[in-house]
Structure formats: C-alpha cells, structure tokens
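All chains are identified by letter, namely A, B, C and D, in their written order; residue positions are counted from 1 within each chain.
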Amino acid sequence: MPEKLKGIVPPVITPLTRDGRIDCRGLKKLLEHILAGGVHGLFILGTTGEGPVLGYELQKKMIGETCAIVGGRVPILAGISAAAMNDSVKLAEIARENGAFGAVAAPPYYFSLGEPELIDYYETLVRKIPLPLFLYNMPAMTKVCLKPSTVIRLAGVPGIIGYKDSSGSMPDLHEVLLALRGRDDFSIFVGPEELLGEAVLFGADGGVSGGANLNPCLFVSMYEAAARGDIPEMRRLQEQIYRQRKLYFIGHYPSSIVKGIKCSLSLRNICSEYLAEPFHFFEEKERNEVRKVLETLPIL
Amino acid sequence: MPEKLKGIVPPVITPLTRDGRIDCRGLKKLLEHILAGGVHGLFILGTTGEGPVLGYELQKKMIGETCAIVGGRVPILAGISAAAMNDSVKLAEIARENGAFGAVAAPPYYFSLGEPELIDYYETLVRKIPLPLFLYNMPAMTKVCLKPSTVIRLAGVPGIIGYKDSSGSMPDLHEVLLALRGRDDFSIFVGPEELLGEAVLFGADGGVSGGANLNPCLFVSMYEAAARGDIPEMRRLQEQIYRQRKLYFIGHYPSSIVKGIKCSLSLRNICSEYLAEPFHFFEEKERNEVRKVLETLPIL
Amino acid sequence: MPEKLKGIVPPVITPLTRDGRIDCRGLKKLLEHILAGGVHGLFILGTTGEGPVLGYELQKKMIGETCAIVGGRVPILAGISAAAMNDSVKLAEIARENGAFGAVAAPPYYFSLGEPELIDYYETLVRKIPLPLFLYNMPAMTKVCLKPSTVIRLAGVPGIIGYKDSSGSMPDLHEVLLALRGRDDFSIFVGPEELLGEAVLFGADGGVSGGANLNPCLFVSMYEAAARGDIPEMRRLQEQIYRQRKLYFIGHYPSSIVKGIKCSLSLRNICSEYLAEPFHFFEEKERNEVRKVLETLPIL
Amino acid sequence: MPEKLKGIVPPVITPLTRDGRIDCRGLKKLLEHILAGGVHGLFILGTTGEGPVLGYELQKKMIGETCAIVGGRVPILAGISAAAMNDSVKLAEIARENGAFGAVAAPPYYFSLGEPELIDYYETLVRKIPLPLFLYNMPAMTKVCLKPSTVIRLAGVPGIIGYKDSSGSMPDLHEVLLALRGRDDFSIFVGPEELLGEAVLFGADGGVSGGANLNPCLFVSMYEAAARGDIPEMRRLQEQIYRQRKLYFIGHYPSSIVKGIKCSLSLRNICSEYLAEPFHFFEEKERNEVRKVLETLPIL
C-alpha cells in the first residue's frame, strides 16, 4: 500500500438488481473495467455510489464484495458517512475487516454541526475507527461546507490522512493546497471531474472522478497530463470530459449524475441500471438521450 | 386508540447519559412530566428527538423504553426518517412490535428526491411498513419541501393517515387545510409552536410543539383556546410561548432548539442534558442565559 | 389624514402601455375600482407595482398621476426602494411634493448590508427624506431579512412610523407584534395576503394585499372579520382568497404574481397587461389559464 | 482600440470623499497607479466599483472623470447594471459620450428574470445602447445565474462582444470556453482573481481582478505566465495572490472585499477609504488587521 494515495480514485457506482440486491456479476465486470483503465484506487459508498441511500445491509455487502473482487490490486476507500456517528463507526469496522485502505466521512447530514462541533466530530471519529480517515466536503448533500481553515486544522490530527473536496469551489481548494504544500503524508483529491486538470496542476494529488466509472483511461490521462504540465493535452482531454459530461444533465434530477452513469454502463453491457429505492432509473425517453451522447464518445 | 389523532403530540427529546446511552430514569421522569400536562400523544425520534443522529441501536432502545413506560396511556408516533428506505422499514417494524400507533417519515435526506420520486417514496414506504404513516415536511433538514399538491395527493393513499408540517410556511399549510377540510380520517399537525394557535383556528388538528417538553400545559391550553375560538386567551398564551421560546436562540447553532430544551430540563431536574455525539450541550456561559430565561417562566 | 394607518393598503400595480409609458386611462380606472372596494390607503411603486423596474422617469410619473387621481381620498404610500440611497431620497422628495402620506423603503438590494449598516441605513434615510418612513421587509428581492430585533429597534426612531413585512414568516411577525403591542403611533402591515387574517387577529394593523388590485372588497372583508374576531367568516373568506390566488402560480416566473394580476385586470377591461421591459406579459396559453381561474371567481 | 479586449481589466474602486462626492484627486492617483502596472483596460462602476450603490449623479461623474483622466490610454468599460432597463440605457449613453469602449450589464437585480426574459433582456438592451455590450454574470448580487447555454446563445447576438463571469463556477466557465473557442471577436473574462491563472490557461482572454486596484503588476504577471503556460511561475504568483486576498475576509461583510481594498489604498496613501452611504469603512480594529496583512505584501 502506498504511503500517500495519489492519482485517480473513481467513486464506484453500486450496481443493483431490480429487487434491490447487489448485482454481483455486474459489480465484478465494472471493477475489472475500471481497473483495466489504470486507476490508482477505488472509492466505494460515496455519493456517486449511493452510499447513504443503500442502508446498512447493502453497504456491508458492497464492502465485502468489492474487497474480495479487487483482492488488494489497488487501495480501497470506503465511504462511512452517516447521520449518526455510531453508524459510521460500524461501517468503518466492517471496512477494516475486509481490508480497506481508509475510510471517507462527510459531516453528519441531518442536523448541521456548528463550527467547533465539526472539528470535534472528526477528532472523535478518527479515534473511534480502526482505519485512517479522509475528510469529505460535500455541501450540496450535507448542508455544511468545510471551510479551508477547518480542513487545514484537521489535517494536523493524527489518523486524518486526506481530503476529498466536492464543493466545486476552486478558490477554497487553492487555499487548502497552498497551506498544505509539501505534506507528503496527506492526500488532497478534487471531486468534480471538470476541475481535475487545474487542481492537479496547482498541487492536488488526484481526483475522485465520477466519469471514470465509464471511461477510466480518460481521467488517468488527464491526471498524468496535468502532473507533467502538458497543457495542450489537458485542453484536448478537457474537451472529451465535457463531451461525456452531457450524460449528467439529463432529466434534471439532483441524482442525474448517478442516473446518467448507470444508464450508460447498462447500455454498454457492463452492469445493471437500477438505483436504490425509491430513485428511478432512466426510462426510454431519457435512455435515448443517453444513447445520443454515447454515440459521440469513443468505444472503450 | 382514536380514529384520528388530534391535539398536542410533543416531539419528545431523547435523554442521554454522558457515555451516550438512553438516560432511562430521566426518560421516565420526562414522560410522566409531559403526560401530566394532558397531551394527546407523543412523537419520538423526530428532529427534536435527534432521531436520525442516534443511530440504529439507540433508536431501537428509545422506542422500546418509551412504549413500555407509557403503557398505552396515549398513542405513540415513532419517527422512522432515514437516508435509506430499508432502514426506515426496519424502524417501523420495531415500532409496531412495541405497540406504537403510527410511523412518521420525512423524505430521505441525503440525495434529494425528484417530484415523482417523492410520490413513489411514500407510496412504496407505506406498503412496506406495518403501521399507518404520517408525512413529515422538514425542508430545513431534508433540503426538499413537500409541496401542498404533493401532500394533497398523498393524503389519498391508503395507510397515509396524517401530515406534520414543519416547513414554517403558513401559506402552504392553509392550502393543505383548505383542500382536506372535512377529512375525518387524516390528521394535520403543525410543527413550529409559534404557529399552533392560528393553524388550529384555520382547521389543523393539533401541534407537534417542541416547547411541550418543558411546559406541556401551555400548549394544551393554546390548542384548546384555538379549538373554541377564544382569541383573547390565544393572545395571552402566545405571549407566554414567545417568552419560553427565547430558550431556542441561545448559541446560534442549527441545533439550538434541542440544546435549549435539554439544558432547561436538566436545570429543572427532569433529565440529563447530553446530546448525541458530537453535538455539544450548553456549558456555563449558555447555561446562564438559559437560567435567565427560565426565571421569567412559571414554575411548573 | 389618520394618526396611524390601518386596514387594507393595496400594492397598486402600474398599468403600462405597449411602448412603456404609464397607461393613464387604465390607471384611473384601476384606482377607482380599488377605491370603490373601501380600501384604507394605497401603496404605489412596491414590488407588485414593479417600482424598482420602472426607472426614474416612470416612477416620477406614477407618483404624480396617482396622487392627482386620488386627490386625497385615501393616504398614499410611495415605494422609494433603490440600490442607492441618493435615488431613494430623490423619490421621497417627489412623493412629498405630490402629497404622499409616507414613503416605504426596502433595504438597498444590490450589495447586502451588514447588520449595523442596516440600522444606519434607516436612521440616515429617515433624516434625509421629507416624509415619514415605513420599513419594508422583502428578503426574496433584497437578499437580506430584517430581523425582529432590528425592526423593534428601528420602531423607536423618530420618523419611522410603520413596518410592512413581506417575509412570509409568521414566527418573526408574531415577535414584532408582541414587542410593539399598544403602540398607537406605529403601523404593522403584513404583505402576503394568505396571512392577512391571522396577522390582524394577533394584532397587525392591516395588510398590503396584492389581490386587492382585483378584488379589494374581499380583503377589506377579511380585515374587518379578523378585527372583530369572526372566525367562521374568516375561514369562508380564506377559501375565496385561495381560489383567487391560483392566478399567481401560472407560468412559474418569479414575477408570476404581477403577471397574473395584470392579465386578470386586462381580461376584466380595467387596464393594460404590459409589464416593464423586459418582463413578458402572459400570452395566449397562460392567458387561458388565467381565464379559467377567473371563471371560478365572483364578478365584481 | 483593439478588436478584442484581452488581459487584465481591473474593476476600479470608486474613491469617495467623506461627504459622498467623487474623490477626484484620489481617483487620479489611483488610475495612474493602476495604469503604471501595465493593465490592458479598466472596468468602472462594477460591483467592486460600487456602481449600483452610487446613484445616477455619482455614476455620471465617475464616468466623466475617469475617461478624462485616462484620455484613451486604455479602453474603458462602464458598468451600466440597474434594476430598470431605462436607467441602464441612460448610463450607456453617458459612457458613449465620454468615449468608453464598451458597456457591461448584469441582469436586472430586483425581480429575477425568467430564462426567456434573460435572453430578451440582453437582445433588447444591446439594440437600445450606443456601445458594444459585455454580459456580466454576478449571481451573488443578482440572484440569477447566467447558464452556459444562455451565454453561448447570446454570444451570437450582434453587438454583444464579451462575457465577464463572476459566478466562481469553473465548471460553467469551462463549458463556455469550450463552446466559444476560436472566436476572435468575443472576449471572455473571469471575475474571481483566484481563478485567473487556470481560466487563462484553458482559454479565457483575461481577468477582471479586484486585487489589481492594489497590485496591478501581480495580476498582469499571472495573466502573462498563464498565457505562455509557465506553471512554476503561476504557482509562485498564486501564492502571492492568496497572501493579498486575506484583505477580503476582514469583518465578514458581504462588502468586505470593497472595504479591504479601499482601506488598503487609503493606508498606502493612494485614495480615500469612504464607501457609498450607508456602507461603513473599516475603523481602527479592522484597519489594524488590514495593516497586518499589508506588512506581508511587497511595497509597490
């Protein structure tokens, strides 16, 4: 296992069967597809992975299956975000038992925490779990934004080894990157795939890019281009990322990104398209829009 | 058990020990205190009850203890709100086993549901649980507002027997009240205690008033004054409600209401003041502000 | 002129011609229609009156025309809200010259003011203008909410004689009403017409009800019913208010209320339907929806 | 005058005297200071320039004074944003008479426009004004965000020659940059100075960087480093930009950026520190915080 995680760590979607169980065959096919793209790790049970929507039994199963299939080929991060700290601790224990590399936790998302409570939350959680911890900033879901000063302070807490920023705010991310430059024991990942290039160029360690479920090579290439400062290549890849990204704006749901990715993977015969209840998958009308976008993308 | 629930159904706070277990002695004292005020039901594991923050084990324990202590003296509603439908179903089953009257569910609060998914969510949930269901509108926590048209439509689904509106929007509540006038099989409750009087005056069946943890009589009196249209008495009681309400604005946390109530109950020797981790209880400075407000209130 | 303004003070829409001038004939017809309904005052250049959208020349003209037509039959309040205090002062001077009773100002709406700046804003403005001032809380437009404590403090400033609350928050309005009970020199008006009944019941002095452009009697009746505590009549009128209110939700624009009222007045041959550029008026599809709602309403 | 504006176009602050007039001596000193830094244009009456807060007379004066002092050395863009289109047209005419290069308009900021109305707004405005027009996306002030598809569509309207994006959303800006690549007659500027480097790297034409009021060279250097793809230099300059940016977070007002810049310029003896009424300038406590930040910055 690496000292510090770097590169592309896709937020793996959770393939489900029509009756709400893990689609194990699809999961295997999906993981092999992603790993073949040269990614550097995997993040399961995140937002794209519908983590909090699955419920305890499915979360447990997803951790077990993924770790078994991957068999140590890349490090696995497990999302443990929950409304209750107790439930997060239980998930982290399961992740540890199955050999995960680390845990990733967004702030509790029912009641919002006050600022000092946020600090306390992470300090307490990291003491209670048997895995190193990544901070996860996801204000669109949690209603609370981790401020740069909070992240910088928490980066000094033993056991907290990284930060995933899905806020979409580059001004805030720059502030964190500048303050933590040179830290070879703390990983900074950017969530939105549109920001992968510039984030890495200014010092981020990598990206948790949802689109890597579909085309992992594209994001590995962008990561490498940014790491070596190849600007013309970055511009070229950015265009491809934007062509694929059209998949995320179909149907205008808060969950359109997950729906677009699952529908695409289903059309490409990788895994099933069902979402956790009561989220709908794309039916014919929207599936046709997905098809049209897929036609503009390279066959992988 | 009544056909249709009416009156004051306090959202019971969850007394906790310092090490995060249910404070059973405190819970017993609290429930007897509330019941002595003449309330018409109890709502446990709501927002004021820190339901989603407790985690599965504490939620289960809280249902069991409360039902045992109350012993059928009033109907009990159990909050089953969760980010995952599976977890809500499990809670409803436990509530049923313990003799609860109904279940109360806010929309899943991680991913927001699209409009047709909201309808589906409730239609599916009510089929899966063994208890009648109350809709729970709590946009400040769930990021999604149940529109009047959604509530009106869902009020026609078998098994859905009531609505608790904590949106604070009287224009929306009026719309629901007007559309469902005369329905003797569907209960409409208002959340914010400041709106209890006018809501009942215009046809609501009662209130889920957080302040009734502290002074249940006050809210029972307001309910009765509104039910008989006694406006001078309503104005007098409204003033008292506002005097007590000052407890909710200390410290300026999203969780200040729970903190203010728990601190007050602790100062009045009813139960402990701890919140579920990692929420802080009020320390000396804020406790003194609570004391000052309590001095302006009647001894109960 | 009354010591303290009370009753129904409709926010008069501004009738415009196709080429963007005041529709003076329509304005005269509209004002006579409203006055015939027994209203207690008129508020021009508010939000419903498109005040800030008109620009200086039209605002000036609207003040002059309205004052001339009304000829002192009821007191006139003139909206002077602007992004720049200088512009507000100029409008207040024009209003004074034309005989207006008072000026109404929302906080400046480009940059939001900090809390102490809000206090300063109103203290400075009232010294600079030659008319008594009403505070105007309109957070949906100004991005800043006047807190009850701010309103209560400003109610003690000489020259500030009233408050119009369009926040829609009854909990906040109750706080102001309780704190300023018995003040016979300060008027408290509620904006949203859905809240007129309960606001007056709990002590408000009246309402600035947009629907009174169309049916002034309806709101005068609700005001009177609430003032005498006639609850059955209030419930009956509330239903009528909600039937008419369907006009405000056509087309789903932020400006739907103005559009719905203007379209209705045009269909009833009272005045033109044009809005200030670049706002669109309702075309055939939406006009038909308006027609359908109008058919359910009494002929006035 | 250039065919297409490129480079650094600072949003000039508006120096004011204590009694609310233009501080003409300060303005001259400020403009010479900025021009000496090698900027490529000037943008007056924007958000940083307090444009909408000044009122008509001061706006007119500011246009006249600035154009006279600059005397054609660089192109001048004049902000004409207003709540009423009529007022925007008047400002554009004054700007034209004084020799400005172009006008910049955010959407009307009282009522929000619906989507088709936004398109209409700009199409109508550009026909009515005697200057080429820049679109100005400033959702924090206007409550409406120009979507990439709206900007892309409007970029095809004759007379609309550029876009200033102050939304802070790099994902949206990338979408616009990719769609309008190769357009040598349309300028794309980024507002937030933290994003200048990456925006130019991915194809933006320059930045409207508030910090250039204080240190114009810094932003000209970043623009040039990005234009030639000098990543190490960009990282070095980014750090300096963040050191200076601390000036914007003092006092936590919505207007803290303007206050921090004005206070700094005053401490450096360039111009006065007063803001348009009723905005407060920084007093001793905050001024000391500004002093401390300034001590970490190079003497210019």
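Here, contacts are C-beta pairs under 8 Å (C-beta built on N, C-alpha and C of every residue); 3 or more make two chains touch, one makes a residue touch a chain.
As the structure is a prediction and not an experimental result, all values here were calculated from the model.
Fewest touch steps from subunit A to subunit C?
Minimum step count, subunit A to subunit C: 2.
How would you label the subunit C and subunit D contact, same or different, if same means the shared numbers make up over half of all numbers there?
Because over half of the interface numbers appear in both copies, subunit D and subunit C meet with the same residues.
Which integer distance in Å separates the CA centroid of subunit A from that of subunit B?
Distance between chain centres: 35 Å.
Averaged over CA atoms, how far is the centre of subunit B from the centre of subunit D? Could you give it in whole Å?
Computed from C-alpha means, the inter-chain centre distance equals 49 Å.
Quick check on subunit B: which residues sit in contact with 2+ other chains?
In subunit B, nothing touches at least two other chains.
Among line, ring, star, complete and other, which best matches the way these chains touch?
Graph shape here is a ring: one loop, exactly two partners per chain.
Return all touching chain pairs.
Going through each pair of chains, those in contact are A-B, A-D, B-C, C-D.
State the interface residues of subunit C toward subunit D in the complex, per the touch definition above.
Those in contact with subunit D are residues 20, 47, 50, 52-58, 81-87, 108-114, 116-117, 120-121, 124-125, 141, 143, 251-255, 276-280.
Can you list the subunit B residues touching subunit C in their complex?
Subunit B reaches subunit C through residues 168-171, 174-175, 178, 192, 194-195, 197-198, 201-203, 229, 231, 234-235, 238-239, 242.
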